[in-house]
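Should a chain be cited, it is by its letter among A, B, C and D, assigned in written order, with residues numbered from 1 in that chain.
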């Protein structure tokens, strides 16, 4: 089943409990802080259901037609199809929606390709497969909250000072399910989604059994409150002045559970700290989910490259050789992520049988590249903008006053463009590089997959060090201490 | 004369014409977008006039007591006094006010130390000295607008397309002065100042004579309109939520002159394109003005270092060796700008007689360091913050709702601090690293002194290349082609 | 025909005129400065001819079996085969041979896929195709010299001072060919090759017609002298002490022609300055040649990664979390070039019909990444080595003295390894990161494809800027000045 | 007493036991591997004794005239004098001698300004003061070896595998002194020095008492062998071809003690692991020693800047705006270290009474800047050189052959210079950026003061974190939760 955008918006009016500061939000699809992004999500659903894009955006299986990102890939071509599907979705938001409907769905799909990674009894593979079918067949939008609150990662800290550990955990088991309580960060996209997957992508200590709960709950679960961070759209004077914040602020929320009941059939891992993380990396889950993020980032790079080009045109700087060199460099950067995405397909892994997986090391290389460099990429756009962003009027309301409008149109035009088009461009560039929306993305991309050591540890783990050590050993084995010299073994033995 | 803060605020209610979008601002000292910053400026004036700081913040000359930044330095100790004065002012705003009252005053003072750099007849040294005395004696706050609008730097562009060149120029001369019209960017601080110095810090083409006008006009000059960029304070929900934007948004405005009359006694350079820029670099003007910027940046680095430390404490990351190493590195960076400021004094130049000047090459090295690295420094704070900035509630209004307040206080506390103190810290850090106010500073520091090649050209110009070439020549002169080999000269002559 | 290594070495004893300083080299295959590298080239030939590698290293066409790098690719699989062939060759030298036999051969092959890029009459497509067949069928090793001497790029310089322009040019035409004279840099690998391709990869000015000559000459052409730079192997005390310099110093030579005759059938472009460069970029020539370089660099990264790992093991630093993070980062870098190579295949271009080409933008992205970052990658190895490289004895001759040998074996051993194995590893690491051989590679990789602006210009040229500008235009077209505001067109028209 | 160079060379012919590989060196002042550097050291002594430089290079105290670097500074002017003295010495070697005679002398002098940092009974302040007077009065050249062998830092490693711990330690105490045995790295400069200071600049574990020995021994002490790393001068074909290696290779040696007796009066710390390191950082010792290194590095930057300029001239690239920008940037970098050196003086500390000290935080900022950036600085020179370094002949012996000499002189000349002068310049640049000598300096500067975390820990330790935290606390104390909102304390108390 493929939902329409309208149908999806209906599902969001479900009584969920959302706060922005002290303001409770009745309907995220209509509130000015959120309606723009809600419409963006609806547009994604409409695109998926568009008959013209039928082959690109969906596939058939088990008698139904499903979003392409539920496809369990068996061939290189299947991986290519997944990538194309992610790309269409990403391009709709210019990569601004990190947790679009295909993100967590890819995690679940990757896990459903190797359910035996959920080792019983603490793992519940059947529940996982059933959940996969459920969200696939009903076109459910699932997001996740898989990280404990910052500074709460060390429970001893709290215990020593007799403060309750705030991290979400199982507080009791009942016949029909578990009851969870506590806080988890950071349910990005939750305001526009149906379900929240709760789990642990960071390693837990073995004794953190009760925190090991991995499950899915609906966004309107009784006892669940979503504490939204400041919505960027709220400060936007108009779509013209803040076009990205207006439409693409996907929201981030702290998830606070006050005794939320989770039925057993939605529990995937229970009481096993190690397993609760292993399920992501011992199945294609982490790889499929983060491949989506590589593809999404690529769309962002494409918008960034377009903005660099347009801004350089607008200032006339594109005539300067050094600026053309910068544009060539930025184009190479866009091609780099393109190459890394394509490379993951060309060097795919035949794992887990009978399925195939994107090349994991290249995927992590992409993730490393993306998270390490976003600040620098945006800095290039800043450099190209120069002071241009500040010479524009505070907002487009200048056009409401005849005298100001006339002056603006006369004085702010340049040979490269009329005043309003230039202002439109610079406001857009500012929303990419300088606004609070931009600031959120600078923070977000840097911590997309956690602190840098986390990604590097993934890269370390997936590397076959023996092969690389052997390369050096083999080279060294081909020559030796010159013949007339004594060998160390002998000397040491004397 | 040393004004009080209250006296200064009075001078701002002078009928100046200021627009924010289409909204005309009646009184910048009372409008919510500007009153916080206006109070900050008043606090600077109060500090200068504080009897307890009399020796630090002021000096006596010509029968009056003046702000220290008007001191024409004759000794190393005088330079030290200037530096200390700048530092006090900078620390009051944590370096957030780039164009505090001591900035342009230092440019004017530097020029008044070598008025003969304003070569007559196009230069008018007497007017300059008189203006120096005027602002010194009346404690005037002068800012400047010394750059043409972006993309308008090539007048031919406009002429070819028959569009009026928007750059400010002299449109006619009259008995009592010149009349100027057009646009100039970017009068930072103008909303809180008394006068605007108009000039050209970027080189003009020789035929841009009419743009070469260098003069000073009051902020309420008839015909003058200030088009403010979006004020950051306007989006602040409260001082708690956006403490830096609330107080320290110094404002940037495009200056638009619709036939503004400038009396001859306020004209400093007229009709000489080359001279209009030379006056800054052939006198200590540029050096004194930018020394202030080095000192100001230092104060910002001090706040940044404090924030890095406090945030690392708040997350508990300060216990991690790698984070302590980062803090050590950041501390070294703070010491670097400290060292560069002090170094300019220790290696002072005895120029122009009978005065002394900060070491110019070290000052430009400081400027280069500051502008090249700000993005990177802020990126370190982002890294230390991690996702912590997004786990805080949208704003402090949560405390208005009893239930939310109780939950917040319980769940957001950590062993390192109570919920509100942590939120306060992260909101402050976000205003430094992620908010639109932060975005403006990231743009501002990068272009503080223009594009990077401009600063490097200053550095190139002040370097005695002969001395460095000689170093290599002298080294090479001490050895030669081995004796038994032929010399090139001979062979070439054959 | 596939030559054996021995057969190839025979071809090098052909009377070529080679100088190292004032020493003329009789036989590069036996001289201590060059024999190690000559043997390496022989090993490449042997590998290509090895029946066990028949399918990987060669293919059949026109009734013969040829080295795989002459394959004109018609499918994605063909591209994959080429890549695998390059990889085998590169791994044999750990990427140290930039101009292995597959490099220029790939340029020629790419050109032979689109000979009409050699537009007559100045271009001679038939000669090119004939030359392609000649080197393919006879397994010829061709290198090139395609850059004018540094500082000689501006002929006016020379003319103004009445100094002869040293750059190689046609000095006269004769019935049976052209006569060339002058200097060209930098014929890397020429000492071990059969032919030298002479051409221009940098743009010429339109009037540099006589320099536009593009042709091939044998390394023993009468009148040709090769001036070798300092051979790194000469300073090697032993293979143990300098294993990379010993074997893999491919040599760089200035090529000096004193009236060398080139028969017409070896002339490919004549008298057309623009065309002499266009033939590389308007055919797959530049792409095929530089794809090889991406693959080769990948092999170097593999050795580098192995060295990082082994050195970290040897010092015990691999137990430090921060060092493991570094290793994870380096592993991600190795995967990055792997991904870029694979990505060029997955995103191949169907051009020029009926052939296919590696994705050009991704290839240039790889080239940019490789040239920009080599210094940094080597710096990581330096960091991992620490002072370890200097605590080893000057050379392995210590083992010749019993007392020293005993002390060395006792005191230099560590729990991670015996003294000699550690010394062997650190000498190898030093040859990668610190020796003069390493210094040459640091210089070489940085200028592999010329100054950075050259690569970025390739990237700029191959980018479809309209597509990226359109992305921004399309986004901006979806919203406008709010309805109640005037449109700029109208105001401007008033 | 001030030694002449000749007198100093005499002191080096003292029977010291030095090995290069298996070759024992009889007389370092005459052996081709070392005589160039020995003459350089002699030149430093001659300069110090030069009557014309009497006031700059020496001072009087206790009835004698001493090298200026023994001056215990009591005023800012004294610090300035020390800096000038270091600068003269550094300029003589263009900063290539890290361990020139003023380096360890500064450590000892700094310690002699606060001998009570050597807390008895394990510390022996009287011995230290006596040693200070001894080396001052006799103009002794002392170097040091203060780091254990790499990988030997964890003694348990060795013990577990039953391998002797190689680190130097006290093996027995006797009436007239202690007996030490084992290895210590890396006695840079020892071949040209008189004494070696043995100690520990890295922290020891508390139980490493026997390694805590801090003492001084003569370079010819019975039982002491110096194992030199490969001497760079040995590969130099001529001074013309390798001018820096020829003269300035200061040597690095592993120090191996086979039961060396140290009389009690040369023992400074004994049996106190903590104290053995504290003596450097609880006295001005570390600061004075590393101030010298800042000054020395500055001289290197000056040569580097000269080379950048000359090379850009030689290639004609100095006419390219982007290259001039690079030169401006490099000039700013040279000014940065200049500023940091001067800043340490201007911001001097009045400690320890009655003496004064360079500003420690700025000194560490300098050290951080120097060690972090050397690779990057050299990379700029590489970039400016381009392929020019490889187009030069292998060595200057080409001038011995008439035909080659004529061709060389004709073809290698450019409008910027004759062939030999260009070759001379590029050989020099290569010795700075690409030769094995250059490789050693790239390694050396990076590890000058140990791994980067060590320097950052110094910076961390010297920073008054309370002051920076207070800055943030004070700012946050000036605003609060808005008045109408509840305070956290109250809620939490409910």
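Basically, contacts are C-beta pairs under 8 Å (C-beta built on N, C-alpha and C of every residue); 3 or more make two chains touch, one makes a residue touch a chain.
The model shown is predicted, which means the values in this text are computed figures rather than measured ones.
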item: Centroid-based (C-alpha) most distant chain relative to chain D; value: A
item: From the options A-C, C-D or A-B, the pair that copies B-D, where over half of the contact pairs coincide; value: A-C
item: Chain C and chain D: spacing of chain centres that average the CA atoms, whole Å; value: 38
item: Chain centre separation (chain A, chain D; CA means) in Å; value: 48
item: Chain A residues counted as touching two or more neighbouring chains; value: 321-322, 396-397, 399-400, 410, 413, 452-453
item: Sites on chain A touched by chain B in the complex; value: 19-23, 147, 149-152, 154, 157-158, 160-161, 163-164, 166, 182-183, 185-186, 225, 227-231, 235, 237, 241, 252, 254, 256, 314-316, 322, 375, 379, 382-383, 385-401, 404, 407, 410-416, 430, 433-436, 438-440, 442-443, 446-447, 451-453
item: Touching residues on chain B, where the partner in the complex is chain D; value: 80, 94, 238-240, 243, 246, 302-303, 305-307, 309-310, 313, 321, 324-329, 331-333, 335-336, 338-347, 359, 361-362, 364-366, 368-369, 396-397, 399-400, 402, 405-406, 408-410, 413, 418-421, 424-425, 428, 452-453, 455-463, 465, 468-473, 475-476, 479-482, 484-489, 491-492, 494
